[in-house]
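Down below are the structures I want you to see.
The following pair of complexes shares a single chain, chain A, combined with chain B in the former and chain C in the latter.
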Partner chain A sequence: MKENPAALAPELALVVAAVVGAVASGWLPRRRQWAVRLLAAGACVGGLVATALAMLGPPERVFDGSYAIDPATNAARVVVLGAALVVIGLSAEPLRAHPHESEFYVLLLLASAGAIALVGADDLLTVFAAYLLASVPSYGLVGLLRDRTGSEASLKYYLLGALFGIVMLAGATVLVGLGATSSYPGLREALDSAPRAAVAFGAVCVTAGLLFKIGGVPAQFWVPDAVDGASVPAAAFVTTIPKIGGLGAAFRFFTEALPAGRVDWALLVAVTAACTMTLGNFAAFAQTRVKRLLAYSTIGQVGYLLMAVAVAGRNGLAQQALWYYLAAYTVTNLAAFAVVAELPAARTLSDYRGLAHHRPLLAGSLAVSLLGLVGTPPTALFVGKLEIFTAVIHGGYTWLAVLAILNTVASLYYYLRWLVPAFLHAPSPHPAVLSSGGTWSAATAYAAATATVILGVGAAAVLPLGAGHLLP
Partner chain B sequence: MTIHASWYLTLGAVLFTIGAVGLLVRRNVLVMFMCIELMLNAANLTFVTFARELNDTGGQVAVFFVLVVAAAEVVVGLGVIVAIFRRRVGATADDVHMLKG
Partner chain C sequence: MGSLDSYIPIFLLIVLGIAFAGLSFVGSRLLAPQRPTAAKEAPYECGIVPTHEPSSRFPVRFYLVAMIFIIFDIEVIFLFPWAVVFRQLHTFGLVEVLVFAAAVFVSFVYLISNGALDWGPIKRIRPVATADEVRTTASTVRRHGSPGASGEAA
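Up next, the complex of A and B:
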């Protein structure tokens, strides 16, 4: 058994930077907290370099088999660290010289480390620890600015998170009691002869906890309130990074910990995916506030992502489809949030009227990101959807693919409700609503929108990075 | 005389159910917190029982782990509650209703 801390270099970089940043924030004057931002960005870049080195080495299981470093973990590291860099970029202006600026970056680093650990964890107790490392800082992030809506959002997020965390722990105790071990390979062997009903109960409880992280039905209630009430940077964070961790953890749990054919988890996940995408898309129809609309849109997107989890293990396509879609979704969603961060005074869809007249480039970025979320070629999510639909049809869930296509068509409606006023209507009568938040958020929006297109055009080169077998 | 493990597991299940029902039914946020603690301790009891039955120290380690977790989680939760109570008088979950739709 290998116990080499260097194998966890990307995670350690985040945690060490978070601790240093937390200590340093006590001494830094309010105007010089950008030093912590620089430290956080440095930790993410350092983590990306360490991940690139780890990708060259062979996959391995470290620390008594409780943590797997394989293609999925490395893909999660790249996507999470990249997403954290984008969030840091778009939060530069909204948080500049805020009393809690350093704390924001500290919590962001800790929660990102937790999201990566969720994917790497190969043991039920490690998964639970990672769940908490990803959750507890997120509650703080949502309520950090201490305004009225922020603390309400934080309380709702917290109560639901605590409930689902304990449900997940209860499921873990049942599975550990049945299998007499908490490691995934051991469980897979031991659960084969355990009572079916007890295994199903434990598996459903663990899935419930992961669904909270993912924001899928029936644990989606927190998403719209947490996103609407939080600051834009925190909203951008909770709609992307925890979902990466939850989906990666669910994929590994289903394929590695549960014996094949013992419980029909695939059908459970398929039904969950169908409910999630339908609920997210239809609830988004009536929204008028941009953050709430984006929140429901992420619930819809998560439904498509869960489809890849439903066919996990049936064919080799599911894993690369999941990771490619996650990378594409992350950059596209963050591009939309960067546009929202750039226009801090525009809160409703009608505030975006005439955006193309005032800020053509920014309107272009918004169009690329929203049409990207629908899945228009040549953006990345077009390839992502194609990959997932192919994997699902090959996996024998044609009805799910048909439902997803219908949902995709329906989702065009509410994205266009945002885009059409921005492009077709005359210049806004209140140009102050469209005042700029700052150069950093604008630059992040342009960069993320460009990355969406590049990732779509260069899909052939990126796709294989998410493939490769999970460690047995 | 030894008590059979099933009694401990039943007690754990009962405590967990009381906590879950309380969390869903009660309005006062502080009582909801207590229910969360009750559920965590039910999980602890189950872990210890399995550790004794299976002669495995892993379950007892898990209990320490859960205790630390509970402390960390409650600190954050209390912080959120204090932040809310500074702004309004209501102490129940029904009073937080600005975000909906």
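Up next, the complex of A and C:
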């Protein structure tokens, strides 16, 4: 038995801060709740420092082999903690002095810890515990403001999550029953001689649960409603951080737990990726509300991300492409949500008319983030897409790459539907609609948009951080 | 696929479960007499004609009590297996379970700080409007099918 709690320092920092924040939230006066925000940000920074130290050390498996500290886990820690910091930044104003402000940060920390644990888990039961830790606080985040749309969104999210959680647990039960163990290396060995149909059933069910976490077809139904109904900070959170955990967990599950060649999971993931990106992009065409449009756009992005999972293990490119794309997507998507948080009164695409006249810098950030989501150079997602397409073509799925390129071209249309009125149209007759949400949201938008470009230009330095062998 | 034979009971159980649920619905639809009247369709108030919408201000204290119960329920569920293997886990297990108990206790503290145990009388924000001041058996109980009943209310 090998226990090393120090190896889990980033996760523990999040959980301890959440526990302290939960106690503090009950006794802090409403105006002093910023202390919990500070605590949450401090935990994220502390976690990043601990991750940097862990990156210097050798990879290891801790807690009886149920948790792996390897390049993928460290990459997930960096991306999740960075994303949590950005979400804290953009939620400073929308939530200021709200009765549940402290609880928001507590739930955010817990769900972030769950997302990291999803990636690190090297054991089916740990994966399911992490799934719950990442999901349950998210339901609360979506419904935290207790308004009608938020409650409805939260209930939809919860019911779908409960359904897919049960499906996932059923699949895990079948796999553990077949392999007589729940650890990935043990399963890989034992499943080689197990009945093919039963292994396929278990693998599909576990995949279904992870697809719910990332919002991929056929588990994408919650995304538009949850994003549209939730507050902007909660929407920014659920479209980014759970995806990091779910995709990392899927990557590890397929490459480490399933014996090679036993079931053709790659084809399943490839078809799912194709459906996800096509549905997300085409459903976004008709949207007029900005949050709904961003929701469908994230579904489209998940399709591209799943492509990297489809070719997992075929070549070394897939893993670094996945983690680079995740980092790039996270910062770009959060930049777009920060702009939405900065303009709380603007709900529809037409509300953004003439934004460039009123707020040139903010309009610039919006342009960088939306064109970044398309994949325009020199933003980070351009390099990310290039990496993923290369990995997919090398992995033998040329048709998928062609479909993804067609989707990328098509997606330009709906991002431009948002951008063109913002830049070309005359100033809005109702400038109140473009009133500022506050300095923190604006600063977050500028910072995230800048980071998108920096990450794109400095790709050569960042890319290798996501590479490196997963622990067997 | 002979090795799949051992899964046949599970498969049968799934089929049986779905069939039972489905047949129950279909059977109820086919066999039950369906003569709906306004009184039968109305939400229950024990045959009394509803005079106003049920108040949505239910005191939610009960849910918080249930939450407190669940917190300690879960703690005990984890304590039992820990007690069984306590000797193998030594100090590590003890520290681990103390940390766990502390985390569980924090959720209890959080509930108390949110007023889970404040059971004073609920402050009524506005008086509940009663639509009908004169409630007699003649005005509130609707009789159906009884001799002499004319119209909706006898």
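Details
Operating definition for what follows: the second predicted complex is superposed on the first by the 471 of 472 C-alpha atoms of A that agree within 3 Å, B and C clash if a C-alpha of one lies under 4 Å from a C-alpha of the other, contacts with A are read in each partner's own complex, and residues count from 1 in each chain.
In the analysis below, a residue touches a chain if its C-beta (ideal position, glycine included) is under 8 Å from a C-beta of that chain, and two chains touch if they have at least 3 such contacts.
Owing to the predicted nature of the structure, the values given are computational and were not obtained by experimental measurement.
In the superposed model, A:Lys156 makes contact with chain B only, not with chain C. Using the contact criterion defined above for the overlaid structures, shared-chain residue A:Gln220 touches neither chain B nor chain C, since it reaches no partner. Of the two partner chains placed around the shared chain by superposition, chain C is the only one that A:Gly26 touches, whereas chain B remains out of contact.
By the touch criterion defined above, A:Ala198 lies against chain C but remains apart from chain B after alignment on the C-alpha atoms of chain A. Contact with chain B, but none with chain C, is seen for A:Ile166 once the two complexes are overlaid on the shared chain.
Looking at the superposed arrangement, the partner reaching more residues of chain A, out of chain B and chain C, is B. On the chain B side of its complex with chain A, the touching residues are 16, 19-20, 23, 29, 32, 36, 39-40, 42-43, 46-47, 50, 53-54, 56, 58-59, 62, 65-66, 69, 72-73, 76-77, 79-81, 83-84, 87, 93, 96, 98-101. The touching residues of chain A, when paired with chain C in their complex, are 3, 15, 19, 22-23, 25-27, 195, 197-198. Of all residues in chain A, those touching chain B in their complex are 125, 129, 132, 136, 139-140, 143, 146, 148-149, 151-156, 158-159, 162-163, 165-166, 169-170, 173-174, 176-177, 180-182, 224-225, 228-229, 286-287, 289, 292. Across the complex, chain A is touched by residues 1, 3-4, 7, 92, 102-103, 106-107, 109-110, 112-114 of chain C.
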